[in-house]
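Shared chain: subunit A. Partners: subunit B in the first complex, subunit C in the second.
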Partner chain A sequence: MTTQIGFAGAPAQARIVRPSVLQQIWASRADYLYVLPAIIVMLIVIAYPIYYTIDLSFFETPPGLQLRDKNFVGVENYATILSSNVFWRVTLNTVIWTFASTLIAFVLGYAAALALHRDFAGRAVLRAILIIPWVISAVAASYIWKWIYHSDFGILGAVMVQMGLVERQPNFIDNVHTVLPSLIVVNIWREFPFAMIMIMAGLQTVPEQLLRAAKVDGASTWQRFWHVTFPYLSGVSTVTILLLAVANFNSFIIPWIMTGGGPSNASHIWITHIYELAFGRQRWGVASAYSVLLFMILMALGYFYVRALSGNEKREHGA
Partner chain B sequence: MTSMTEMAAPRGRTASAAPRPRKKIDGWRWGGRIFLLFMLAYTALPMIWMLLTSIKSGFAATQFPPQWWPDEPTLASYQKLLDPQNSVGQDFLRFFWNSLFVSVCTTIMAVVVAVPAAYAFSRFSFPGRKFLFFAVLLRNMFPAVIFLVPLFILMRVLGLVNTHGSLILTYLTFGLPLAIWLLKGFYDNIPVQLEQAARIDGATRFQAFLLIVMPLSAPGIIATAIYSFIGAWNEYIYAATFLTRNDQLTLPVGIQRFFSENTTDFPGLMAASFMMSVPVVVLFLVLQKYFVRALTEGAVKH
Partner chain C sequence: MRKPRLGRALVHGAAVTALAVSTMMSTSVLAQSVDISQWSPEYVRSIAGTEEFDTAAQCGAVTPLDYQGKLTFWYQGVFEGDPDLLRQYYKDFFVAFRETYPNIELQEQALTYNDLLDKFRTALLGNAGPMMVRLQILGGVEFASKGYLQELSPEDVGWKTEDFWPGAMKSVMWEGKTYGIPTNNETMGFIWNADIFERAGLDPEKPPATWDEVVAYSKQIHDTLGIAGYGLVARKNAGNTPYRFMPQLWAYGGGVFDEADPNPTYEEVRLDSPESKQALQASYDMYVRDKSVPVSALTNQQADNQPLFLAGQVAMMVSHPSDYDVMLDLQAKATGADKEKAQTVIDNMRYGLIPTGPDGRRAVVFGGSNIHILKPEYVDGGVVDEAAAKAMTCFWTSPEWSLKMAYAGSNPGNLNGFKTSWMKERLENIEFLDVTTAMLPYGVPFPALPVTPEIMNIIIPDMLQNALTGAMTVDEAAEDAAQKVRDLTGGGGL
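Entry: the complex of A and B
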């Protein structure tokens, strides 16, 4: 931590004569004016909600958000969560959802970026088309795919029937076994373009000479990728994977619009479950306790995220 | 893919001694093309199916086997959605306008607040700079659901429930971190010497910022604006929670409410999904250059 702060801004000489923190703050008081608007907005809409959620997680609340009537129950809300079967089911779903979505979206995006790196006729058009799913609304995406998966008129099932793969229209999202993979396909559809853009951007920073040198030395395409490009992009890749993982862990719209968590919780992930507890069943206290648990997991992820980001910065400055 | 590499290799050997590695590349290139074709199908087919469904009649959309190309293409769904005389059209246009208003306001405010903040994070070294920057970034890690209940209560206290103000304020919270992050990348790449030159010529620090740095960071500001706009345009959860009056709804929530009542109007639903996507896709296609560049400068360089 200390090294990070010491590293942060000042050049090396400044560390020798170091004014006290208060002096530094006073000396740079004008600088804070620039960040003040951002910080005020952040405080109102972040710090307060977080405090509030933690506070509420220790209370039992009557429905309707009449919060004057809340009772202090200690850690009972947490106990309720950890002892419920639904919790473990939902956690397993969340893990599968997050891992599968992140991994496949990243690999597809990476491969697409590599394939698009070389110039060919129609590259710009193809790239634009591949990015569109990421731009359109997740609500629209959910409806498009819900229609594709429709149990009576869905095109996917119809194609499978016509090709003779199945006897009758499969029920993709009303089936406990297929619902989660079906939704993951939709999620990847929306997210691989993000990985693709990030890796495309990263590929532009790989020095051409390095690749050419490797080629002269007789490295094959795969060797050049594995020993030059891939390590060179490790920083971008880490950040991309983390951002994808966080986004997937936090996704809400696709499962909520497409299935609402059903059938029988098979597609509930943490976020949709919390939403349902709070706004469906009005169990604010339990929902808040869930949020606090979620918060702690995210803080752990956030730690790696910050480390990956400052690692990149360090590498860049240190070079 | 393997078979292609094998096929390509022997020919290379007979042609000349040297180009063996080049022939190997061909295998990868063909593999890449086939993969891109697959990705194109994965990406585009659902969207094409949306368009084809939207120009069918309700009856044609529910045939088996499906009509690949509609027998009688019709724009009836679009006419219905865009007709101000019709009650469906009235609602849809209202939602569209609400979405536009909220997204534009959010975008303007995000840029106004993020520009000075990003500049400060890029240039100044006040104590806590690093901490604040990461605190700002960390906001993006937390899902909307955590903030829903407390923000709802906060909006009640501020008297903003059922107003677009509640949405604009909330959208700022997830728009800002991203905006600051992206803009900082741009400022990092503008040489400090330019400002120093202006300062020597007698400009104040603020003047140097306004007259030198701002114009140079225009691409960054455009990119930031696009991201904020798209984020606000597509947002669903807060809008679904904070707004209850029908005439206030934004498009994603409006469409969801409408079609949870009219569950079988698939062409209408697809037409609405398409119309909802048009503004952001057009914006993206027109300003694509900035959109991708922002990530290159912002995300990848640091």
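Entry: the complex of A and C
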């Protein structure tokens, strides 16, 4: 910010003149130089693929032709997707998958974090055990669960039969009605430790003196949680839910390895369907249009994520 | 360990072979390096070990052995369902190549059947392919039609076109030009567990003669013993599914197009024909009506069915002769009572010809792999070392290595491989090889069209899954699949 003083003889008037954008950039040129390499990398690995995907979404890419022989079709790919029955079924699967996985993983993680926040013997061991699903490879976990669920010889079904819960081996992943819930269970098992860790970190920020004061004032355990702990965790909870939602919209490994989207498309979600359209069926144009739609949804989620982070920062700084 | 009944079945099979109308014989057979018109287990035995081949000398005439160069090579390699014996031959092959061509810097990369197409397609989009590739038989036409491959014929690497099965050569042809060379060609056989047959009240040495009998036997086994009768495979995006369903489809007289006819045109879609629906109905009857096959068939691959067979939980399946070696490998890894149980199953393994349809039609997928060289503009670095690529092509398609690389589960692409001493040794060491060599003349190649991978890997499994899960009726599933094929060949559809 600079101050200009009027010439002699002119009415004495101090005027604040904001520098131009270019002047501001020049003034901060060293800062821009520091972040330039990162910006270049971002442009190459993020911006260009986004541009290319959007561009490709307006072209038809027949499976018998090379990609360079694509034909411009305008928004026809979007119309093809939106008028496809499979798309709406896959979309419903994706919504169920994302919301169920996110909410249940979050609730379980929240509960586990509260339980592990209390001091008891073996807490550290239990915490380490609960983190295992999150740290093991998703690919390995998918194969293990595929055998656990095996419709003929899965251990889960065998145990259920042994315990008298069912008469015959249940069909978990070879049935159009049970396959998606079965995969969601695996996903929740994989993700709830992440929610648990986030909430445990958030719990460290809840002031002990506030909880003690509430206790002295006669607040019950529930009241202390609801009026002190819960509000303090709202920021980290929002971030956790958004991160889980984004991860679940982008899920690929578990459904692809365990069922390949089957049987009869019953466990296809957007990413697996996009992958099949692009790499299995070479409908690059349609798959790109699909990806653009998904990108728009994720950008909306990203917006809320950034807003939630900004809100957290304001709260932390007492703004 | 061959059984007398099996021998009779093979003799019968050999007799039928001579009469079989096969697309593989649709070109002149007399010019072939071996006489395909005489094909039978006995004929194969008679020519085994009758000729010597010097691979280094023959390939040295194509590319000098001291040639200095560089080669990048992707190939469909061994996977979890292959026997250890095959793994060893793959290792030996690359050791031998490097010893023969010490100055060629080779960067090879093995990929599994289900991953190779996706990865190769992706690499080509970025002009980052390898200099050469060995693809499954249904992949070559797709890439040739798009212009990614160089013309390459057996004559380019010192062999003759007549050294290879005519049906296999069709799979590397596009618009009258040749774009690759077959490395191996195979047909499967029918495996059953004689002990289970006996316990279920069936003749232990008599396999089902027709697919209708497969359905009936499967039900009888399931109803009597409570285990799966037939090892159905219906997973999506898995090569195992079309390899097992198409023989059934063709046997009933159906097809995707007219690919099982002597001179196919691939113009008429037949997936919704009454015969195709009958074939699909047979799978429906086993999975839904009788519940006589593994419930896990919709997510299983053949590699998942192998342990079930070894555990005595599946009585019949369509597979390679290599399954015998796979069972031995699995049995060696088993412990305690499992080991004994596995041995019982191995002792009771029987191989026969794949069943026929109601009118006696017998068919099997004429499978295998082909080797191709890419055009430089699609290769990482923009250069193809053609001499090095031809050296590798010659080496793999030689009588010696096309036999050794197919030792346990397939057959040599180069027909001269049948004349080698290794073939003689193989006939003595590999159980049930006779059956699958006897099946070769019944082989039907997949349609030589660029869209075939999508039809076989996605549309056919989708059709099965739609019918077997009840998402559609059998008629609806067949008609839906036929429409998808029509849309696909017409350039549209989602």
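Points to keep in mind about this one:
In the analysis below, the second predicted complex is superposed on the first by the 296 of 319 C-alpha atoms of A that agree within 3 Å, B and C clash if a C-alpha of one lies under 4 Å from a C-alpha of the other, contacts with A are read in each partner's own complex, and residues count from 1 in each chain.
Here is the rule we use: a residue touches a chain if its C-beta (ideal position, glycine included) is under 8 Å from a C-beta of that chain, and two chains touch if they have at least 3 such contacts.
Just so you know, these numbers come straight off a predicted model, no measurement behind them.
Once the two complexes are laid over each other on the shared chain, residue contacts for A:308 go to neither subunit B nor subunit C. Once the two structures are overlaid, the count of subunit A residues touched is higher for B than for its counterpart among subunit B and subunit C. Touch criterion met: A:215 reaches subunit B, while subunit C stays clear of it.
Judged by the touch definition given at the top, the superposed model places A:281 against subunit C, while subunit B stays out of reach. Touch criterion met: A:266 reaches subunit C, while subunit B stays clear of it. Once chain A of one complex is fitted onto chain A of the other, the partner contacts of A:135 are limited to subunit B, with no touch recorded for subunit C. Residue contacts after overlaying the shared chain place A:39 against subunit B, while subunit C stays out of touching range. Once the two complexes are overlaid on the shared chain, A:152 sits against subunit B and subunit C alike. When both complexes are overlaid on chain A, the residue A:113 reaches neither subunit B nor subunit C.
Common to the subunit B-facing and subunit C-facing surfaces of subunit A are residues 65, 67, 150, 152-153, 279, 284.
Contact residues on subunit B toward subunit A in their complex (touch as defined above): 21, 24-25, 28-29, 32-33, 35-36, 39-40, 42-44, 46-47, 49-50, 53, 61-66, 113-114, 116-117, 119-121, 124-130, 132, 134-154, 169-170, 172-173, 176, 180, 230, 233-234, 236-237, 241, 251-252, 255-256, 259, 266, 269-270, 273-274, 276-277, 280-281, 284-285, 288, 292, 295-296, 299-302.
Contact residues on subunit A toward subunit B in their complex (touch as defined above): 4-5, 8-10, 21, 24-25, 28, 31-35, 37-39, 41-42, 44-46, 48-50, 52-53, 56, 65, 67, 108, 111-112, 114-116, 118, 126, 128-133, 135-140, 143-145, 147-148, 150, 152-153, 155, 158, 162, 189, 192-193, 197-198, 200-202, 204-205, 215, 218, 220-222, 236, 239, 246, 249-250, 252-253, 257, 271, 274-275, 278-279, 284, 287-288, 291, 294-295, 298, 301-302, 305-306, 309-310, 312-313, 316.
Every residue of subunit C that touches subunit A in the complex is listed here, in rising order: 118, 121-122, 125, 142, 145-148, 228, 234-238, 294-299, 308, 313, 450-451, 454, 457-458, 461-462, 465-466, 468-471, 488, 491, 494. Subunit A makes touch with subunit C in their complex at residues 62-67, 80-81, 84, 86-87, 146, 150-153, 169, 171, 173-176, 258-266, 276-277, 279-284, 286.
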